[in-house]
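You will see two complexes here that share subunit A, one where it goes with subunit B and one where it goes with subunit C.
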Partner chain A sequence: MKNALRNPYVYVAFILPTIALYFLFFIYPMIMSVYYGFTDWDGLNKPNFIGSDNFATAFRDPEFRSSMLNNVYILLFSCCVQVPLIVVFSLVISSVKRLQGFYKTTVFMPSILSTSVIGILWGYIYDPDVGLLNNLLKLFGAGPIYWLAESKWAMLSILITNAWQWMGFYIVLILAAILAIPKEIDEAARIDGASGAQRAWHLTVPLIKPVVNVVIMLSIAGALRVVDIVLVMTGGGPAGATEVMASYMVNKAIKYGEYGYGTALAIIIFVFALVLTAAYQILFARRQERLEY
Partner chain B sequence: MPAAIKKTIPHVVLLAYVAVILVPFLFVLLSSFKANNVEIATRPFGLPKIWAFENYKEAWVKAKISVYFWNSLYLSLSSAVAGVLLAAATAFALTRMKFESASRWIYQFVLIGMLIPGNVLFIAQYLLVRNLGILNTHWSLFLPYTAGALPISVLLIAAFMRSIPGELEEAAIVDGLSAPGLFVRILLPLTLPALVTVFIVNFLGNWNEYLLANFFLNKDSLRTLPTGMVGFRDAFQTNYALICTGIVFSVVPVLVLYALLQKNIIEGLTAGSVKG
Partner chain C sequence: MKKKLTSVLAAAVALAALLAGCGGGGNEPAASGSSPASESPPASPSESPSPAKAENFTMSLRHIQIGEPQKFRKAILDDVVKKTEEEVPGLKFELDGVEDSVNRFTKLPAEMAAGNPPKIMSIFGGAGDTQKYAKAGRLLDLTPILEELGLKDKFLNVLDPFSVDGKVYGLPIGGNTEGIFYNTEIFGKYGLNPPTTWDDLIKAADTLKENGITPFAVGSKGAWVPNMTINTFIGRLAGPETITGFTTGASKWNSPDVVAAYTLYKEWVDKGYFTKGELGKEYGDMLNDFVAGKAGMMFDGSWRSSAFKNDAVGAAVAGKVAFVSLPPLPNGKGDQTSVNANYGEGYGFSSDMNENELKAVKAFIKNMYSDEMQLRGLLEDGVLPSMKLSEESIAQVSDPIVKQVLDVLNGAGVTFPHFDSVVQSKVYTETETQLQKLIAGKATPQQVADAIQKVQDEENAAAAK
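Up next is the complex of A and B:
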């Protein structure tokens, strides 16, 4: 009776297109990346196998090292500044009844927009002559500050834009976890006389730790992936002050045709992402079960 | 502290946050209607003296925002539709057809894709589309966009299909429906909520994609909004009103979609990241 579901031709026809595309655009590029990463390929001549030279070069390359450092800044900023703020805002939103939906919808909004358009929008806000920020500074008699053109401000400007875009996304993630906590627990603590802040800190925060861990892991992965916003806002400048690993990799490959070296950098980024998230899992998030929504 | 004040403090904090989100948009919206830079600089939050609607016409026609807009729209739509249909067909075969052990392997194999961050494959994909001879055509975006969405789409749709009880299908098979018929007439309609969510997530991802679009296409007439906008900004560097108009054009469709389908959008995007 169930022969219809045992038809191998139908099975293959339903699966093959997906597998073919998936293989062509995921598995094959992954294999080729590993291969190119160990060659000196420049896109024109025959690739020569050069062992791990590319990787040794990468760690000696001062420009790549400084771009790595910028990824570290992004990582630290997102984990040490953004995550605490995200938790606080989620708690505050969960504590209000009126307008809760409005707050949630609004803070989430930037994360559905294109990073490139956000880069343009914020580039305009940072504009030294007509931008919003310098307009505000002028009210206090300060400025003008060349946000994106001065080395000491450019990275911070990008960090703020990045936070502006993504914080709401994580707030909504954590908010969902907070709202899923059974009301009775909170009631019981209230009856026992715990204040709002006490309940938030001693009750809610421990209960949402698993999802906070997810947010931290996503932030780590996100910090290593940052590229669009840098390419759009500063192109890595001024003088490499905002260059990140991914933008450096893209430039090396596309602008200078150093495909071998570029893919080696891509592999380094991939390995960093794996190692950092795995290390975080093992050190901090080990015994937590996965969350399902 | 009186209760009333205690109740307003959270709202003050949150409204400040909301203002930080919305003020940039307000600034851009007002600027887009202003006639010149002097007016933008001197009265950033004043209403425009004369509403310069012609900025919109100029950006749409002369600055070719219309071209970018339609490119973005049809590429995002077609690859999102293709991705959803392929993923749904695969999810159907994996969860419903009687090839359990093969299905288990294929499922795991596809999920590996979610471990690989997109940027890592960028160079290899660039070389791939170059070798396929489709660099500088819309195929060079359509194929990676469709493929890129597959792992997470298969995961979400398969999870949804597993939660649908099988009785209806059994009855349909007894009535003589074939597997493809079952898929089209029974499973697809039942899975519609999940398909809509996955479609929206894919559509937004494609609509916003920058990296591939920037490097795989360099003909201006093929560009999509995110890359076209950057070129537009670089070309009109000091015409702030026109740049703001361009921003409005690329942001509004997404905001309309968001206003209509915010629940699906939030659910889809967050589900993807937590499970992925």
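Up next is the complex of A and C:
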């Protein structure tokens, strides 16, 4: 038996099935989609090779460009609004003495719900006639707002819902980092007379920076592939106001049968996400020295 | 030691083979879909005298009769299914109900692309649906079956959208026209005349608006809903022959008359004639608003008439709803009595069939497309027959709304189709995108029309190749 385990071929034999499956379900489809991205395949007839036409069309397509812009909005919202809020909430919850578990569970709850459930749930909250939000507004005498039906509100509504869904997950991540900081550091600062806010800003935040970086990375990746919440809540409407790259791709490929073009869009999204996350890694995340405590 | 190594290797290889087999196996039933049936020995006598011996087989049947408003249609389908199962030994249908637009725009196209559509499916006629799939060889040529069953001349002149090169690939289940449903109680309350003239219609809309009632309920989240109104506006403002002319190049989307149709729609949006926040409303919300009395009118297909029966979803307004066609437009072109008539929805059949399944298809067609079922559709569900029915049969109609629908059609000089069964799917898609932009105020009528015409030109050029 010992001999057998020293034989490298045995290991190869063991990983072969996994490699085969990986190839079948990951590598092969990926190669095929790159190929289809350069064809005019409509799902029914034989694909014809059309060079980079699909990519040229995509960048000329005003709908796709505006959906790209919407992705950028989501990205900016999650990095500039969501992440600071997440850090603040984590700091608040970490300093709560009683019922901390309860708060942790409560904020985490939305991220275990399925997106369809959340979409429908918030659909009712945003409902112009019977929705919670408009009824609250009515109390203050404000007229009904058509949250999901008006171009200027629809994107914000989606952003809020998306933030509600995912913030809890990130809060729990950061909370874990905060709670892992040794108590002595905090105590030392307290003895030196630092106030709560000072300790939070000058001690805790720098110490959890690596985790915040991970959260930002995940937010960037998440913002670029967000699609389910859009499909459930607005389907990209009203008039394309909430269309994101991925929902546009789904519509083009599945609904309108332009598989070739849809695949090209998928490749663009992939490259876009890759470049952005890599850029973030190189420009910001790598610069930080590792902290030891 | 050597032996152990070999056995380990052998086990690993066997595992790999097994897993690879799983991968392949997962695809296979989906691709052929008929494996249980095709395993039946072909030698077995086809007209088996002893049904007990017949090989059991199942057939998938995709329908769109889901939800409360469709219950009458579902009942007819259920009876046809039951009868067909009794007639064909061993047959068991697997009913698969999917919401209309999900089926038409998402599920069926994906299945067609993968090559595994249901054996029997709800399908629409036209260049974007039946004809596209038929040209790709996905649908069964029904011409010989129609010959055999003697049904060929039984249909009204409605098979063209389901035909390619003279061969029939689908059969419309019935027809409808799109017009105005109005709430007679609300109209009575405000002393309004039925909207049979343009002035009365506008007066009604203005009066309702002033009294805080939405003149027209509409749910434009799916743009096919407002597209119904646009289609009739085009037919009336640019003439009934305009719609069939888009694909031939005889008419243009950006001609002044068609632009006028979009301008009129936009005018109504700006005047507040439609439900506020219509872009966030579903098609179902439109009926709900109308039934709840929040709206006085709605522009919808005559298929909705069955919703206003006493035992249906719109029971609250049963007996208080009437149907008229859009009144003559003051600046319209062509016959102002012309109305839209669609025979778009029906059944198609997968081209991948074995002998048993073909028999089942034949029986299904025989049972579904019979005088009896056509009459039931008309009487119970308000669906206009797609086949020739006798005068006496039609005279049995007692539902007041269905009678009004028939009156509208009888009073029409000419009929015109909905452009969704005429133009190519990319063009239709563009009409949806652009109409929503128009409603949202992101594009002017002229911009909308120009954008649609651009796609139309491209598609016409591609078709001419």
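Definition applied: the second predicted complex is superposed on the first by the 264 of 293 C-alpha atoms of A that agree within 3 Å, B and C clash if a C-alpha of one lies under 4 Å from a C-alpha of the other, contacts with A are read in each partner's own complex, and residues count from 1 in each chain.
Operating definition for what follows: a contact is a pair of C-beta atoms (placed from the backbone, for glycine too) under 8 Å apart; a residue touches a chain by one contact, two chains touch by 3 or more.
Here the structure is a predicted model, which is why all the values come from computation and not from measurement.
Student: Hey, is it subunit B or subunit C that touches more of subunit A?
Tutor: Partner touching more subunit A residues in the overlay: B.
Student: When the two structures are overlaid on chain A, which partner does A:103 contact: first (subunit B), second (subunit C), both, or neither?
Tutor: first
Student: Thinking of the overlay built on chain A, is A:121 touched by subunit B (first), by subunit C (second), by both, or by neither?
Tutor: In the superposed model, A:121 contacts subunit B only, not subunit C.
Student: Quick one: classify A:55 as touching subunit B (first), subunit C (second), both or neither.
Tutor: neither
Student: Which of the two partners, first being subunit B and second being subunit C, lies in contact with A:45: first, second, both, or neither?
Tutor: A:45 contacts subunit C only, not subunit B.
Student: What is the contact status of A:146 with respect to subunit B (first) and subunit C (second): first, second, both, or neither?
Tutor: Only subunit C; A:146 stays clear of subunit B.
Student: Looking at A:257 after the superposition, I want to know if it touches subunit B, subunit C, both of them or none. Which is it: first, second, both, neither?
Tutor: In the superposition, A:257 touches subunit C alone.
Student: Name the contact category of A:73: first (subunit B only), second (subunit C only), both, or neither.
Tutor: Touch status of A:73: no partner.
Student: Please work out whether A:241 is in contact with subunit B alone, subunit C alone, both, or neither, and reply first, second, both or neither.
Tutor: The second partner, subunit C, only.
Student: Applying the touch criterion given at the start, work out whether A:280 contacts subunit B, subunit C, both or neither, answering first, second, both or neither.
Tutor: Neither partner.
Student: On subunit A, which stretch or stretches are contacted by subunit B in one complex as well as by subunit C in the other?
Tutor: Residues 1, 4, 7, 10, 14, 17, 21, 24-25, 43, 254, 259 of subunit A touch both subunit B and subunit C.
Student: Going by the contact rule at the top, pick out the subunit A residues touching subunit B in the complex.
Tutor: 1-2, 4-8, 10-11, 14-15, 17-19, 21-22, 24-26, 28-30, 32-33, 36, 43, 89, 92-93, 95-96, 98-99, 102-117, 119-125, 127, 129-130, 132, 135, 164, 168-169, 172-173, 176, 211, 214, 218, 221, 224-225, 227-228, 231-232, 246, 249-250, 253-254, 259, 262-263, 266-267, 269-270, 273-274, 291-293
Student: Would you pull the subunit B residues touching subunit A in the complex into a rising list?
Tutor: Interface residues on the subunit B side: 10-11, 13-14, 17-18, 20-25, 27-28, 31, 37, 40-41, 44, 86-87, 89-90, 92-94, 96-99, 102, 106, 109-110, 112-113, 115-128, 143-144, 146-148, 150-151, 154, 170, 173-174, 177-180, 182-183, 204, 207-211, 214-215, 225-227, 229-230, 233, 240, 243-244, 246-247, 250-251, 254-255, 258, 262, 265-266, 269-271, 273-275.
Student: Would you tell me which residues of subunit C are touching subunit A in their complex?
Tutor: Touch list, subunit C to subunit A: 1, 4-5, 8-9, 12-13, 15-16, 19-20, 23, 105-106, 109-110, 112-113, 132-133, 135-136, 138, 221, 276-281, 425-426, 429, 433, 436-437, 439-440, 442.
Student: For the complex, which residues does subunit A have touching subunit C?
Tutor: Those in contact with subunit C are residues 1, 3-4, 7, 9-10, 13-14, 16-17, 20-21, 24-25, 42-45, 63, 128, 144, 146-151, 154, 234-235, 237-241, 254-257, 259.
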